[in-house]
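In what follows, chain A forms one complex with chain B and a second complex with chain C.
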Partner chain A sequence: MMGNVTLLEFLSAGREVAGHHPWPRFQLDARTWRRMVEQMAVSNWDILAEWAEPTEIHVALRGEDSGAIAVASHPCPDHKFFALSRVRPSAIRLERAIRDLWGLAPEGLEDQRPWLDHGRWGVKRPLGSPRISEGRPHAYRFLTAEGEGLHQIPVGPVHAGIIEPGHFRFHAQGETVVRLEERLGYVHKGVEGLLAGKPVAEAARIVGRVSGDSTVAYALAFARAVEAALGVEVPARAHWLRALMAEMERLANHVFDIGAICNDAAFAIMLSHMGMLREKILRANAACFGHRLLMDRVVPGGVAVDLAEEGWEALAHLLGNFRKLFNKAVALYDNTPSLLDRTTGTGFLPAALAHRFGAGGFVGRASSRGVDARKAPGYPPYDELDFAIPVLAEGDVHARLMVRVEEVRASLRLIDQILKQMPRGPVAAPVPNRGGEGMAVVEGFRGEVLVWVRLSEAGKVVRCHPHDPSWFQWPLLEAAIEGNIVADFPLVNKSFNCSYSGHDL
Partner chain B sequence: MIFPPISHLIARHLLKGPHTITGGGEPDAEALRQLAENLGVAARHRLGRSLSIREVDAGSCNGCELEIHAVNNPVYDLERFGIRFVASPRHADVLLVTGPVTWNMAEALRRTYDATPGPKWVVALGDCAKDGGCFAGSYAVAGGVHEVVPVDLHIPGCPPSPLQILGGLTALLASVAE
Partner chain C sequence: MSALAWQIAQILLVAVLAPLATGYVRFVKARLNGRRGAPPWQPYRDLLRLLKKEAIVAPSASWLFRAAPYVTFAAVWLAACVVPTFTTAIALAPSADLIALVALLGLARFWTALAGMDVGTAFGGIGSSREMLIASLAEPAMLMMTFSLSLVAGTTQPAQIAAFILGGDIGVEVSLGLALAALVMVAIAENGRIPIDNPATHLELTMVHEAMVLEYSGRHLAMMEAAAMLRLTLFMALISCLFFPWGMALPGDGPAAVAVGLAAFLAKVAALATALAVFETMIAKMRVFRYADFLGGALLLGLLATIFLYVSEAV
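For the complex of A and B:
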């Protein structure tokens, strides 16, 4: 069945699983699953996430033209499945991780090296059928580059700055990077294992700590997935408060990263200026919601705290001043040729690669891929708000920075609208104890955060899979640095700012 | 343009003064008590009122890192107390460790500790660094920082606020300078 078939038409060949909300889930037999993979080679279906259970593999897909979202599942009692990475390179690391954690063998996966499993857990396939494993940590075979005068530069896992751990292996010729290979998994905490069996409230706390800088996005995605599974109607005001918090989180991350990118080009005054702006947001968060990073403020059923009248006034006051100071800093960036010289043309990511890997967030948007979960599939209250998604085509550090500048401005306008239009009323609804399956996609500052959850009749988490946008951005960093000088790596890396913790899970 | 934008920014700071808060450097009482128990007397005399810190993320969710960044911003300005972050453990007096220590990071943390010259101190930062926090009990997590390297001071919080971090670090500074 080649040619023009939509995602839903194709998947309806499988058996629809009852009780999966808001998008359908189809169970496919081995033959249909294999045909789906083959069909993906000629269709523009995006992989949103891929995860597993001890004897089942799941993939969340989106048909790019129709925007339809669905989950395809394939029971694999013989512990192997036809690999998606045959046709989608973005699935390579996902499937390596699936093999490490669940012990399901992806047939046709070219890269057979382990990914998250470094041979240090004392157990193999911890989420599948665990087997005690003793012995030495794995020796990792890095990919090679050969030629005269090439040398290797190993960096990490402990880096020079205050950042998360990961290993970068450079092959360089003089100053020029010939190949960069990442090795991640150092901060793998076994989140999915921890979530199984937890009550919803406790699980929400853990999911809110998958990646601390995106705590609102993760808590929101988890809450929406649970609410979808249970059919909970959230009060209108809660939607607006959630959006307010999400935009505050986006603002705080964007302004600080803009400063940090400039700092990596040795322009430190920008970091100081932006650090001060970020602090204003965090203090407003603490004053209005009781936590600087807004952890545990979005909960299944609604939000944990309401915004008081004084908080409303403080926020409105903050924003006017903030906009002025931010625009001054952007003018400084625009008028400093020595800084622009470092960011322009550096770390180029071709649009074709961004599309091929389904990269979201500012990484995708700076390379022509303008997806944003707030627009599609969309969720309240964004359907009532007026905002545009900035998209650029240049694909360099400068473009990624400018996309973030525009997103800061958009978020400021959104907060303005939210403060003016927010309805009054209750901010939380009770969450019943019953079973179901749900999924949600929300737009974090890095891109689309997806959470899938299955709840038991007792209201406990049976399985939960959080997916970070970094999965589809990390591999692109390797491509973007190629041909650049080693000294520009911090700059390019910061312009991507992928999450280690969100990826390693 | 006669005056480039940077001159406006600099002029503003010269005329209006810094963003830095006054105070915030009061050593935390609980931290002082912990340190009095943990610090060897001999070590205190080796250093002046200055400490170099190497931060190690041993498995955190990156929330603690965000607040460590914040103590370096102009508002809290940790360096005014003589405390600064360095790029190598070989230049450090203090390891500031965050996160539940994951098994995949345990060896890297131990090696970073071994690479730090004595006298040295370890500060565990955040609730996870104490006992693994909400990640305790996972197959991938060794537990709190003390499971891998000896800890002198623990700064609680999820994540601790910049003022709590300042209080803990200045307590350390006061203790070693005694």
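For the complex of A and C:
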């Protein structure tokens, strides 16, 4: 085992693949790949995403100290590879999904159960070498918990509220949760298969719909990946408008989450306040950019619409009002002991676990992990803006809520700065039809959204992999609820607010 | 003769008023939350709709499951009929006392909890187990409150307690204040209101009462819902009768006094419903394991009320 070796030093043992931007991609042979996995056991390299092609496995890594990002690839013509999940539990579900979708067998992955494939697709390995299957659902064996007085509570996949489908299997002793196991994959839409062969403009629309609440983040990540692959220089004003939209999206989601968390503790008035605030943002979005959720406003090359002068004024007006109302609502939260009693100490996530799984967003930040793609690796215009990343150490529902509160305040300050400093000029550059590989990491409201793309010479998508931050947050929810009471699960779940759609893809 | 007439009037009044009272609470809560809200008479439409709908029963359900809505509804309705609302001159008044009332409510709860477990779903079981936890704490508190009242008034009949308080030979009594607080807390728990339970929630894992009736549909659900509405009205009537009987007609009063009693009763229900809505808006639901603290507090208040009586007599 090597001592302190940086990620790039280590990967340079492989062959660098030309034309991968902005970070290098290295092709590793079986031995080096294996050594990389072993090295990961002792290094603090984060897995950013892991995906596959019919005979190749890719993993995007980040050296936590240096912040260097690189992709490691490993051809596996015999359809198996040395599993990362041997050393990183965060990769378990990713590799189970890889086995389901591409048919590559992760060697050393103990969990042999399928993940996304519930047996209902009528096809096996849809992205690898597809084979027709009977389309009958498999029986799924949940992990067990044994002991006296234990009982199971199955919840979902269809829930009473208007939320996405997912199954939660509780083992409880009375009211205390002994084990929670999630089963996801109910909203698998075959996005990656859909993307293959699509022209860039069409693919951008699809990626923008991977998870509707993060449409700006996904569209931005895809656009930046394409621009990196093709070397497109985006006009300065487009960068600023993108940041403006991204912050509006963050605001809308965070304020609604804050309200929804309180609502799950039966404090409905908070949801009313926050619902009104969210509505103000959505209406401003519609007035300024022509779409309430800003779908398809960020496109490869720039943005689809410019911000008119009257839109600028409307936004500036909105902000002044918004800040006052938001602070009043937060004061209401702070001054309601019955509510604080519910959120404080509930759903504790230890910092060590957040680090181990590389959890980003408010989940990571509430447990001491202050990673933010806007700071590192960073992308314009955030390098010119002044903002802080709130990090708390408590790791409970209250901390996750307060991180959101601080992020809302930071976003408001960011929007202020963006409106004041935004340069004039064009808002889009032409996107040439060329080939190339690109990757981008963008901070969505849940955390880091990663998109990797390979374009053909005709300018069409050969492969595109969008990665949702929820992959590394869902497993932590299982840990956070342990030892809590069953009735607190909705509260803890809402404080995580992981994406089903982005995860199931 | 008039006692029978007033009794029949009361039987109809509570049944007709109950959905309106519940609808009014929902309406005020919606307004406090900045929503327009459904009109207060929406529960009538809901009940009518449910009555018209097909009742679907799980294959694993036994006769218990089918019978429970009727038993529950009948027990709660009967309980609501014997608590004087606008006049104490009702035919059933002598036969009903507070301990019988507790028993009737216990019967309704017992059947609902059985029905919750009967189908065998996890949620029904959770709901029943929580309901029994609440019951085991709320019933002693309710009895304790009853004892201190009966020690003051020398009777356990609500009608006579009301008459005693209206008689005016009672000053400001600390015990009564404590007993009132205990009864309000018990009422919140019995009716599954915030902070004990959230009647408006969609989160199966947090439910108590709603979890037990989750499997019901159609007329069965209508009965269960109506019973819940009646229970809320019953507790409002009980609080009014025992602690705020002013305006209530007494035996021998003419129709004019009864009309005043009716107006007073409606005003009291409106005031209590508004207070409930405001209280529920201002507070979050508590954790399940805190129920014991809350209802233990109610029990303690009831106990204190009784002790105060003896102490004030002794010194």
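Some notes on this structure:
Just so it is clear, the second predicted complex is superposed on the first by the 503 of 505 C-alpha atoms of A that agree within 3 Å, B and C clash if a C-alpha of one lies under 4 Å from a C-alpha of the other, contacts with A are read in each partner's own complex, and residues count from 1 in each chain.
Basically, a residue touches a chain if its C-beta (ideal position, glycine included) is under 8 Å from a C-beta of that chain, and two chains touch if they have at least 3 such contacts.
As the structure is a prediction and not an experimental result, all values here were calculated from the model.
By the touch criterion defined above, A:Ser272 reaches both chain B and chain C.
Once the two complexes are laid over each other on the shared chain, residue contacts for A:Ala487 go to chain C alone; chain B is not touched. By the document's definition of touching, both partners, chain B and chain C, reach A:Gly161.
Contact with chain C, but none with chain B, is seen for A:Arg342 once the two complexes are overlaid on the shared chain. Legend: residue contacts after superposition of the two complexes on their common chain; A:Val178 is shown touching neither chain B nor chain C. Within the superposed three-chain model, A:Ala13 lies out of touch with both chain B and chain C [touch as defined at top].
Look at A:Gly122: by the touch rule set out above, it reaches chain B but stays clear of chain C. Looking at the shared chain after the overlay, A:Leu293 reaches chain B, while chain C stays out of its contact range.
The wider contact with chain A, measured as residues touched, comes from B rather than the other of chain B and chain C.
Using the contact criterion defined above for the overlaid structures, shared-chain residue A:Ala105 touches neither chain B nor chain C, since it reaches no partner.
Comparing which residues of chain A touch chain B with which touch chain C, the overlap comprises 160-161, 269, 272-273, 276, 336. Chain contact summary for the complex, chain A toward chain C: residues 151-155, 159-161, 174-175, 262, 264-269, 271-273, 276, 336, 338-339, 341-342, 485-490.
The touching residues of chain B, when paired with chain A in their complex, are 1, 4-6, 8-9, 19, 55-70, 72-75, 85, 87-89, 99-100, 102-109, 112, 134-135, 137-141, 158-159, 161. Across the complex, chain B is touched by residues 118, 120-123, 126, 130, 137, 157-158, 160-165, 185-191, 193-194, 202, 205-206, 209-213, 215, 256, 269, 272-273, 275-276, 278-279, 282, 286, 292-293, 295, 328-329, 331-332, 335-336, 499-501 of chain A. Contact residues on chain C toward chain A in their complex (touch as defined above): 29, 32-35, 122-123, 125-126, 129, 194-195, 198, 200-206, 281-290.
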